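Just below sit the structures, each encoded as structure tokens.
Same chain, two partners: chain A is paired with chain B first, then with chain C.
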Partner chain A sequence: MDITEVSTSQDGKGKKGKKAKKKSAEVDGEGSAGEEKKMVKSELAVAFPPAFSVSEIKNKQRRHFMFMKLKQEKRKAPPKEVPKTIENQRVYDETTVDPEDEEIAFDEGTDEFSAYFNGLTNPKVLITTSDRPRGRTVRFCEQLATVIPNAHVYYRRGLALKRIIPQCVARNFTYLMVINEDRQVPNGMVLCHLPDGPTAHFKVSSVRLRKEMKRRGKNPTEHYPEVILNNFTTRLGHTIGRLFAALFPQEPHFVGRQVATFHNQRDFIFFRFHRYIFKNEKKVGIQELGPRFTLKLRSLQKGTFDSKYGEYEWVMKRHEMEACRRKFQL
Partner chain B sequence: MGDRSRLCSVWLGSETGILKGVSLSRKQAFNFCNTSHLSRDQEVRALCWGDAAESELLVGCVDATVKTFSLEKGAFTESRRCGDPAEGCFSGLAALGGDALVTCAESGALRVWRQEGGDEPVTQVDAGKNVCRMRQSPANPNKVATGGKENGLKIWDLQRPEQPAFSAKNLRDDWLDLRRPYWVRDMAFIPDSDKVVTCTGYHQVHVFDPSSPQRRPVLEAEYGEYPLTAISLTPDGTAVAVGNTQGHIALLDLRKGLVRGCVKGLAGGVRGLQCHASQPLVASCGLDRFLRIHSLEDRKLQHKVYLKSRLNCLLLASQDLQEGGATAGEAESEVKEEEDEGDDVWDAMEQVEERQKRKTTEDTETTKKRKKAQD
Partner chain C sequence: MQHDDVIWDIIGNTQFCSFKVKTKSQNFCRNEYNITGLCNRASCPLANSQYATIREEKGQCFLYMKVIERAAFPARMWEKVKLSKNYEKALEQIDENLIYWPRFIRHKCKQRFTKITQYLIRMRKLVLKRQRKLVPLSRKVETRERRKEEKALIAAQLDNAIEKELLERLKQGTYGDIYNFPVHAFDRALEQQDQESESEEEEEEEEEEDEREFVAEEEVEESDLSDFEDMNKLKTSSDEEEQDESSEEEVEEEMEVQMKASRSKGKSPANGSAARKKRAYVEIEYEQETEPASKSRAT
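Up next is the complex of A and B:
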């Protein structure tokens, strides 16, 4: 048993060595020792398994040359390593949508947003707050109404959402947006798609109103903005992305040069509103207008707002889902 | 097609109308669809076995048709129109022996259909309004239970359809003398006895005993703050698994009504829950588009399968879930073992190296966690 082991392993090594030597011999035989050939040799030498080393070349000149090459390579700077970031190391999510998947295409084509995406309805948004809003929340709602076309701000007179919803549906509203306030600062948003659509509950943070923004442009005009949705890759991400897309009318006014961006990174959705201008074909200048805020999805409920008896399609369970730093849901 | 359907040990119905079969031994999911193009009208609402030998599945769709799917052929064999889509979707489907089936719509129309009857039901019973669920007793196929919103549990004997065999009374008024609201979402028959356990939309679990003179629940237990949507009995009959709209699944002990433990992992509302008939496993499916199988003993996740549509209902085969792949797979593995025994040392060495190379990041993570736990 032992003898057989030793012989086969030696044979293996020997064969590999012979192959390497044969290859190097062929390369030498092909032409004179030009630089290209040397490069080829060095590449071949590097590609061979480590059993082949520079010291095994019998020709002194060639061996010396290979050794000088090796020393040079060591002196050169090592190749720059790609830094590991959390986005690079993201755990592959099996719910990532494949663009050619027919079942998902059908699911999306016939879901609650299909009326909007097929051009049958125009968005009409009702913005309201929790009861008795103060200060920043009121100004935030007004600015949101300028950013989202066809949006109306109404004062919430302590009315129950479940009673507001049938009235909104009767008046052809397509979205109900409720900004929740805590200590004069907005901290939550409930976005309900109206006929019978999903209700998303977000945590709002980092709200910057227009007068707090540096180097901002003039106030936004009435033109419909373009919408950019970045990085919504998973199935849940697709649903949320469509939820945001359906807030804005389908045909943007390119004359207005305004763009609203929803950028998803690490499960946080950043909202920015810019005006752009093309200086030439390659350079764009942008001015940030409008409010800026960050959203984080807390739950997605199927059906209109019914937090107690509604069925949830997705709920953020922090201790289970946020345990791994490299796993994201959207 | 037939060989694929024979491999599947878990069957699920989705909102897009696709019947999905999952084979856990091979870790594959197959889609079975009736028509070439999908439609939301075909959304599967109820699933049940067509016969005791589990060779046929009955699929109830939103447009009030019941389709029969044959496992041998791997295709839908027939389709029957049972009722009116205007009455609401199926809230229950059950097979009686001899080609008869029982359907219940949300409007409360409990009907028995026979093949010869054509379009008219043989028996029709009005089970009240807003029936959320209808289930058949495994011991006696003629006994069915129905329940719904403000519609108490009623047990019907199909041979005497005029009056329910048992109808439950509402709970006693609470301490403010207010009437307690009542919403039965799902029920299950406890084996070896007459008892029925129900779960309600007001996060309660009730056990009823028709043989006792008491029409109110014998046992009342509560779990969580959200409506309980699905219930399933464990194979030993002492515990019950319930799922709610937030994706919490709990195991409750029926002797005292205490929570034995929770099963974690679901992100969306539970729509279908079933415990395996013999193995200590519970399968759950829901709005988050995943099928999850947990073990009942240590409540750990054993299998998780992504199925791209929202899932409405679920059925487990009675055979062992792991061995669902028939004897052909077993024979292949035996042959491989014999070859391995021949070349002991070499194959053993190579296999070790291959496993090390194939270790994915997940495996290294789990090993790291185990090491940390041990430390």
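Up next is the complex of A and C:
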């Protein structure tokens, strides 16, 4: 019975009818309707001519079925939309680094950090402050020195940076870090890569010393930490990322299980220092030790520190750069 | 000519002098031609006909002398003498210009000149040293930046990011052999084996492989079990002996038994499809050591 019915409508319908006929031939009896539905569903995606509407189906049963399906789909919830975030809506920056870009690879092979990345130099950091540092800044410097391996803190006796730099170079320092203080609180950092490297000036905020941190672990050990650099996408960000990476020695001690993170989010660089432990291959526990602070890049200058005659690669110009909320530099 | 005493009587003691600044212990004189800066009978430029001062202008010192005959023309009253930049020569100049003048004025002029030269020297020295530049902060900008930083911190989800990165590094094998979490490696090996067996053999083998995979997946999900580690060890041991069929089956049976024992939670499969979905279940089956294929499973 089924077979004959289907075959009469077949002439009117073409493709669809043929397929329905085939399937109904296979299955028997009352199960056919259900099976038909399934098969029809799977064919639907493929077999529809574009200007098709439900009312054109001559077969009442099938027409009814298609109509019910349409109604159901309308009643279904719309697909969940992806919420807009600032990161989603970020204005595309044309200086974004493509991982396979040869020009950038070549640049990085020949820039000031190439000596470090080729393993020729070991980092040696000199940490100092501005004139007359107060307690908080001094403690911050000490804690930084425990976090960064091979770092030395020196008291600044009112010396000019331009005089300090040649002395540092003579003693094989690779980095000079000056923490600027204002009203007993550190608020700026000048990071100068020494053998004529770039100088970056940052604004430091939200400094949290070790004793102010909740649930922190014991003091960091002498093992070299690993480094995580997140979200440095543009050319400028890449340079800054390499600047941070060159602070730490190339071979981290995995035994120490310590990791220093520089995470860039919306042009704020968050620094955290953790100790991690792998509970199993899918879970890791981290415990924060060490100071935390956030940096915001103010200017990047080409040579060593020279505020008057230096060549600035990038300077933060608030009116131009902060006008658009979706545009970021790093 | 000028009645100094009368003037002093009026302005110094009784009536008002607009240049006088009174404090608790002392009186000061704000007149710019005053030589000492205090309000005294001998220091008041208005109450003395014979008066002289030293003033400096843009680093140059001048000796000013009061010519009382021109008291009617105050703008032209003071005579200006430029002093030399050499300290000793300037002192001689002062002496030579103020010859026959009262001792007090001569002395005070020289004192004032010394002080002025000293502070000029200090100014020049300071310019050479490092100068602190005060940069004004705009309050609005600062609050804005602070807010942005807070929002960025929330958006960053640092802990998650760090954990993800560390797990990535573990997966990629940057840590080498330090951590023994071999499950992924063995899964990969299993898959390889599956491919090999599919190409060669029949269904029985495939079923076995499937079954083994099945078991592995379930295990991973149950990470809260206390005997997870034991099961892991068992699993690894079973995987190591992949070649040996009989041992396989034994181990499998052990595992099945274990699973049944630990998972008597009453999660029953509705039909065969639940078993396929890799959920915890209680399998009611009668198993024999040599033939694992003969299981009641709806395909």
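Basically, the second predicted complex is superposed on the first by the 270 of 330 C-alpha atoms of A that agree within 3 Å, B and C clash if a C-alpha of one lies under 4 Å from a C-alpha of the other, contacts with A are read in each partner's own complex, and residues count from 1 in each chain.
FYI, a residue touches a chain if its C-beta (ideal position, glycine included) is under 8 Å from a C-beta of that chain, and two chains touch if they have at least 3 such contacts.
Owing to the predicted nature of the structure, the values given are computational and were not obtained by experimental measurement.
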Overlay on chain A: chain C relative to chain B, clash or fit: fit
Contacts of A:100 with chain B and chain C, given as first, second, both or neither: neither
Partner chain(s) touched by A:81 [first = chain B, second = chain C, both, neither]: neither
Contacts of A:280 with chain B and chain C, given as first, second, both or neither: second
Comparison of chain B and chain C by chain A residues contacted: C
First (chain B), second (chain C), both or neither touched by A:265: second
After superposition on chain A, the shortest CA separation from chain B to chain C (Å): 7
Residues on chain B engaged by chain A in the complex (per definition of touch): 15-16, 18, 31, 38-40, 201, 225-227, 229, 245-247, 264-265, 267-269, 271, 287-289, 306, 308-310, 345, 361-362
Complex interface listing, chain C residues touching chain A: 130, 132, 141, 145-146, 148-149, 151-153, 155-156, 158-159, 161-163, 165-167, 170-171, 175-176, 178-179, 181, 183-184, 223
Chain B-facing residues of chain A, complex: 1, 5, 91, 94-95, 101, 103-104, 106-107, 110, 235, 302, 308-315, 317, 320-321
Contacting residues of chain A [partner chain C, same complex]: 85-87, 131, 158, 160, 205-206, 228, 230, 254-255, 259, 261, 263, 265-268, 270, 272, 274, 276, 278, 280-282, 284, 286, 294, 296, 318
